[in-house]
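Consider the two complexes below, in which subunit A is the common component and subunit B and subunit C are the respective partners.
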Partner chain A sequence: MAVVGRACLIIAFAVTLYGIGAAIHGARPGNRRFAESARRAVYATAGLITFAFVILEIAFLRSDFSFATVATHSSTTTPLFYKAAAAWSSQEGSLLLWAFLLSVWSSVVLTITRGRLRDVTPYATAVLLGFAAFFIGLLLFSASPFDTVAGGAPAEGTGLNPLLRHPSMMTHPIALYSGYTLAAVPFAFAIGALIARRIDAEWIAATRRFALASWLALGIGLLLGARWSYVELGWGGYWAWDPVENAALLPWLTATALIHSVQIQEKRGMLKIWNVSLTLATGTLAIVGTFLVRSGILDSIHAFVEQGNTIAWAFTGLIAIICAGSIGLVVSRRALLASEHRIESLLSREAVFLMNNLVLVAITFVVFWGTFFPLISEALTGTKHALGPPWFGKYIVPLSIILAVLSGIGPLLSWRRATAVNTRRNFVIPVGIAVAAVAVSLALGSGHRPAAVLMFGACAFLLGCVGQEFWRGAGARKAMSGESLPVALVSMVRRNRRRYGGYLVHAGVALLFVGIAASSAFQHVTTPTLQVGQTTNVGGYAIHYDRPTAGISTHDGRLEKINLGSDLTVRKNGKFVTRLHTERGYYPTDDASLGVVGRYFEGEQTSEVGLKAGAARDIWSVISPDTDPLKNVIAQGDKVFGNAKNLPPQMGAALLGQAITGIVDRYKRNPPPAQFRFIVSPLVTWIWLGALVILFGGVISIWPPPGGATRRVRAAYMARVGRESAATTQ
Partner chain B sequence: MGVALSTAVLLAAALVYTSFSASSEAVRPSQLVSHADPGRSYHLTGKVVDGSIHKAGGTMFFKVRDRDAKSAARAVEIRYTGSVPDPFKDGREVIVDVRKGSGSTFVGAPDSLITKCPSKFSAKKQA
Partner chain C sequence: MEALIIILALAVVVWVVSGPLRHGEDPEVAEAGRRAALDAAKDAKYREIRDAELDWRTGKLSDEDYREQDRRLRAEAVEILRELDRLSS
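Right, the complex of A and B next:
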């Protein structure tokens, strides 16, 4: 089957190359047939890549170890769910996933825009096929998912890295890659619009939903990554300014700026150059993100330069072409990108939206600089320097506070020019709420963390603004239509999905920022070593080590992992709060040099976090059991089983099982002191809640409006296009 | 526009200035063995030497060698307290902020130890 998969890729590569040529040729007047043919080439590519992807998935599900990638990333003991997800745990698998998603989104957008945007689409098709050709080329010439194992299939595979065995392994990579690939769609249409000199609102209207979908998908990916880090990785944090995290944050930030500034172009015909640039930046950063994650360039610039990493070089070339092409196009079309209006007053919605955009771009720049600083410093000074989370915090915290305030102000101002009377009326309540929030947090003793207090005030203001908008809007509708308040609220949101979805996103951002500020400023951490029966205090809670736990998990009659852990009781002021259970799983390794028994204890280890989450605070616990006292017994076991090579295999397996059970029981009977890590953090739940509100608001915004509204929107949009084309032809 | 531009220039200048003063030099273990200034913080990247991890109470000791070193001859001994990510084990690639301590031991900044993102190891294995 590997041959069929490879054949699919080769044909798809040829089809994309043909399609690029056909699309460019078809862009000329009179060559419409070729443009149509290029569109069908996109569908054909999507079909071929989908088929290749299905072949790889089937190989994983059937544990077909003749595929090299299956043999190194899966095993028969890997649970079915993770066999399916293991397909994209490798370099080649994730590149295939990228190509697959890209080809699907390309087909979707070309179907939607069929018959419209005739000047722009052929170039956009060529760009999308160019991306596809690049990734298929990598799959063919650099990291092939269809390599076979020389000398026949091994009996068993290596298995999926235990750390990746988390439900979000199924969703996190798909969400991130969807976000990256969706960003390619507006990028391609922006390039098309620039080449075809059709820089009106039409290409934006056609691809706005894709920008929003990309933003949404990247947001889901970031959320799942943070959540995975918090509950799975055993260190208790949710964000570390790691390059891989920043890679997804960068395009998300520019996409956030974009979905705000396109509104100004749609309403006022301004900021065209800015919107095109943000679209191109988002698409480019999506490729940079993929590059950061996949090439390992930030780990080691030396290895990258010296060993000639093909993938890294290919990406560098692609990014260079994209950047040069984008900048060149924007500069050469700058006359067409001139604004139709100027900002009339600083007290207008467009002025505040623009400021909010500048803040977002500043944050993007800070994150970009910090992420690439090791490379920048090495290039400038010859020695590699790295920046830590405190440096990021110093810039991101104040910028985020400003962002929260601006997000509140913007929607309350009218377009063009707001009157002072109106402004005062709109801001009394939110400012009052903000002052109250600051007073309350100072009264609760937060004065020693001024940044957090300011953030609470800014977020309270933002929530006040959003709440007031919903309250007034629903009240007005109730008065007009005579509906009850809840009905009026729902129908109001239904009729203005984009607007109220956006407000919900703002409310979610406020909750998220409060959660981040509170949990990072007022966190208590301790890492005590406890014996059974001992108690430690953290953040006002007493945590008692009740008893050790030890057990073996099996899957299909084979040992999957050994679990050593603890039961804990948490009390506050002597009163029972909760029980926690945390343990560490020891997965066996295939490394025979570690000994017959030792290999069951020396493999990968994962923490199972004991977590009591609450609206006000989380109590988080993790154990690192001390296995040193077991080392002697394990060494004895290695010796005994090493000498007893002549045992019949079944008897040996049974005896080995008994030996391991014996060691596990020994730990439980006579537990050595264990090291724990306890974290008491306030308002962590608000982060997850805020993120869910953001996603919910995003889905509302992206949902197609009901029929009537669509007609209204379309009529307004056609009028706008008419005005603009009249303006450009003059 | 003028205000926006000057803000941008100021921010960029602050960024450049603080990033050089706030950063710590990224080094390999063999570089630290040859030379280390007392009191300065280094961002150390390397691989954990097999069998070098041992714990005493809440403190952990381990050695880190260069990524491509064949032996542990030019490895750095580190004393560390704080959180240890799950992937930490013999042979794993780690990053830790360290200062020169007494003798040849370096002291890790608490909670600064990180291991490479797991999506990276699988990519490494085949490389």
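Right, the complex of A and C next:
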């Protein structure tokens, strides 16, 4: 079926090229049927790419090693769950996933906007098909998922990189790529609006949900990536300012700014140039993000990505075209992008939203500079210099504190101009809560970390603002409808999803910031080497190395990995707290030069973290066993099995299995000292909780109101407007 | 078998994409699109009216500011309704 997959890509490529031409031709008056044909070209592309993607997925699920990408990224010992995910662990599979998702979202938006935005849509269609053509072109000419193995399919594949065998890897890439591809939709419509000179709010209204969906998907991707880093990578952190992590954060930041500032254009006809620029920046950064992930030009924890020079050059060309085109269009349409109103007062929601936007853009700039600094320094000095977490923290921490404060202030002010009396009344309670939070954290001895204390105060203020909004809104609803307070609260959120979903997002951000500030500022780390029976102390906890563990994991009768680990007991002030188990997994490698036995110990390694998570603090542990004492016996095994090549295969496999079991048992009987890493971090759980609240708020914001509720609301306001209509007619 | 699937896929794609060129545009689609745009604008305006009311009830807008905003928004909504009426007639 590889031939069919390749044919689908060839036909899809031809269809996208035709569609681009038809869309541009269809934008002219009288050629509408060509624009309609271009729209159908998008549907056809989606159908073909979906078919190609299904063919590749089936090849992975069936372990069809005649496909080169299946042979190099999967194996018969790879669990079924991960076989499905292995498709996008490869360069070619992930590019196909990009093209698949893009074609699906393009089809959805063109169906929704069918008949609307008739001047804008043809150009937007051409842009979306242009993106599709680029990625399908890469799949055809640079990284084909349908290449076959010369000389027939091998009996076994290389297997999925062990680091990627984590549940979040099933969804993390899909979420990130969904975010990237969804960002292409507003980008395409912004380009269309600029070309067609239709810079009103209609294109924003048509694509606002896609921008929000992109923001939401990127957020989910970032959350899953952070969680994977925390429990899988074995260093104990959730965020390392890694270039690939940053690549997803950049469009998320600009999308966050965009979601806020589009409201100002919708309400007041202001910030048109700002919104268009943010939309174009988000779309461009999404492509930059894909480029960073797939090109491997920057050193990253995503070291499993293959380096690809052809792809790097192709992306550089695309990004250059996008940047030049976007800037040229914005400059040439600057007169049309002028605001219809001015900001009347600094004490207005639009003024605070704008300040909030400026902070978000400043953070984006810091992250961008820090991410690309290695490339910039290499270009200027010939040496790559990376900027580490302390450099990022120096700028991001104060900017985040300001952001938290502004996020609280904005919703408490009215549009246009807030009166001093209303402002005073609205801020008394949140400011009181902030002062109390600062006092409590100082009383608890946090004074030596002033940035963390300020962040606690800012987040308490933000939570106070959100809580007050919910309380007053529900109170107003109760007074209007006579419902009980809980019912009024639910119906208030149902009827104002965008507003209260947004407030929930703000509350989630506050929880997340508190978690980050506390776990960064008040973390305790130690990396002792312990013998069995020894104890170490960290953050007020005593951790005792009880016993070593050792075992072999098999899948379908084949050795999947060797596990060497430890059981630990944690006590505080002599009282039992919890037991932890941590281990290191050793996956076999195909490299025969490492020896018949040695290759089972010298392949990829993964860490299984021993974690006790709690609302107040996490106790995190990881082991790095010392396998040096086993080297002699492994070398002996290599020698013995190297000289016994004439053994029948079944007998050889059985003896090899016994030998490996023997080595593993030897480790368990005579465990050498092991190195550990123990971390006690306060409030890490708040990060995951905050992220979930953000996602929940995002889903509420994006979820369309139920048809019945819309009709009821529409009827109520229509009646009022109808009375107005009658009055003005008379 | 593979050749048959490829030919079939190609035929379906050509048939789908060339449809509008063979039949021309459906005039109802154009009118429905204009109506949908106005409906969306109308819903957005009602949402603005509701938002202003909520701001007033939660103490962010003074009575005077609210009355002025509400009057202006309703006038804009009336314009949209009239345009919808014109489209219907």
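The rule is simple: the second predicted complex is superposed on the first by the 689 of 730 C-alpha atoms of A that agree within 3 Å, B and C clash if a C-alpha of one lies under 4 Å from a C-alpha of the other, contacts with A are read in each partner's own complex, and residues count from 1 in each chain.
Rule of thumb we're sticking to: a contact is a pair of C-beta atoms (placed from the backbone, for glycine too) under 8 Å apart; a residue touches a chain by one contact, two chains touch by 3 or more.
Bear in mind the structure is a predicted one, so any value in this text is a computation, not a measurement.
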A:M1 touches, of subunit B and subunit C: first, second, both or neither? second
Partner chain(s) touched by A:R472 [first = subunit B, second = subunit C, both, neither]: second
First (subunit B), second (subunit C), both or neither touched by A:S89: first
Residue numbers on subunit B that touch subunit A, as the complex places them: 4, 7-8, 11-12, 15, 18-20, 22-26, 43, 45, 54-55, 57-58, 67, 81-87, 89-90, 93, 97, 111-112, 114, 116-126
Subunit A residues touching subunit C - in the complex, by the definition given at the top: 1, 3-4, 7-8, 11, 15, 18-19, 32-34, 36-37, 40-41, 43-44, 47-48, 51, 114-118, 202, 205-206, 266-267, 412-419, 421-422, 425-426, 469, 472-473, 476, 479-480, 495-496, 498-499, 710, 713-714, 717-718, 720-722, 724-725, 728
Subunit A residues within the subunit B interface of the complex: 72-73, 89-91, 161, 163-164, 173, 232-236, 240, 242, 244, 293-294, 296, 299-300, 358, 362, 365-366, 369-370, 373-374, 377, 383-388, 390-391, 394-395, 525, 527-529, 602, 604-607, 624, 626, 628, 675, 677
Sites on subunit C touched by subunit A in the complex: 2, 5-6, 9-10, 12-13, 16-21, 23-25, 29-34, 36-37, 40-44, 46-51, 54-55, 57-62, 65, 69, 74-75, 77-78, 81-82
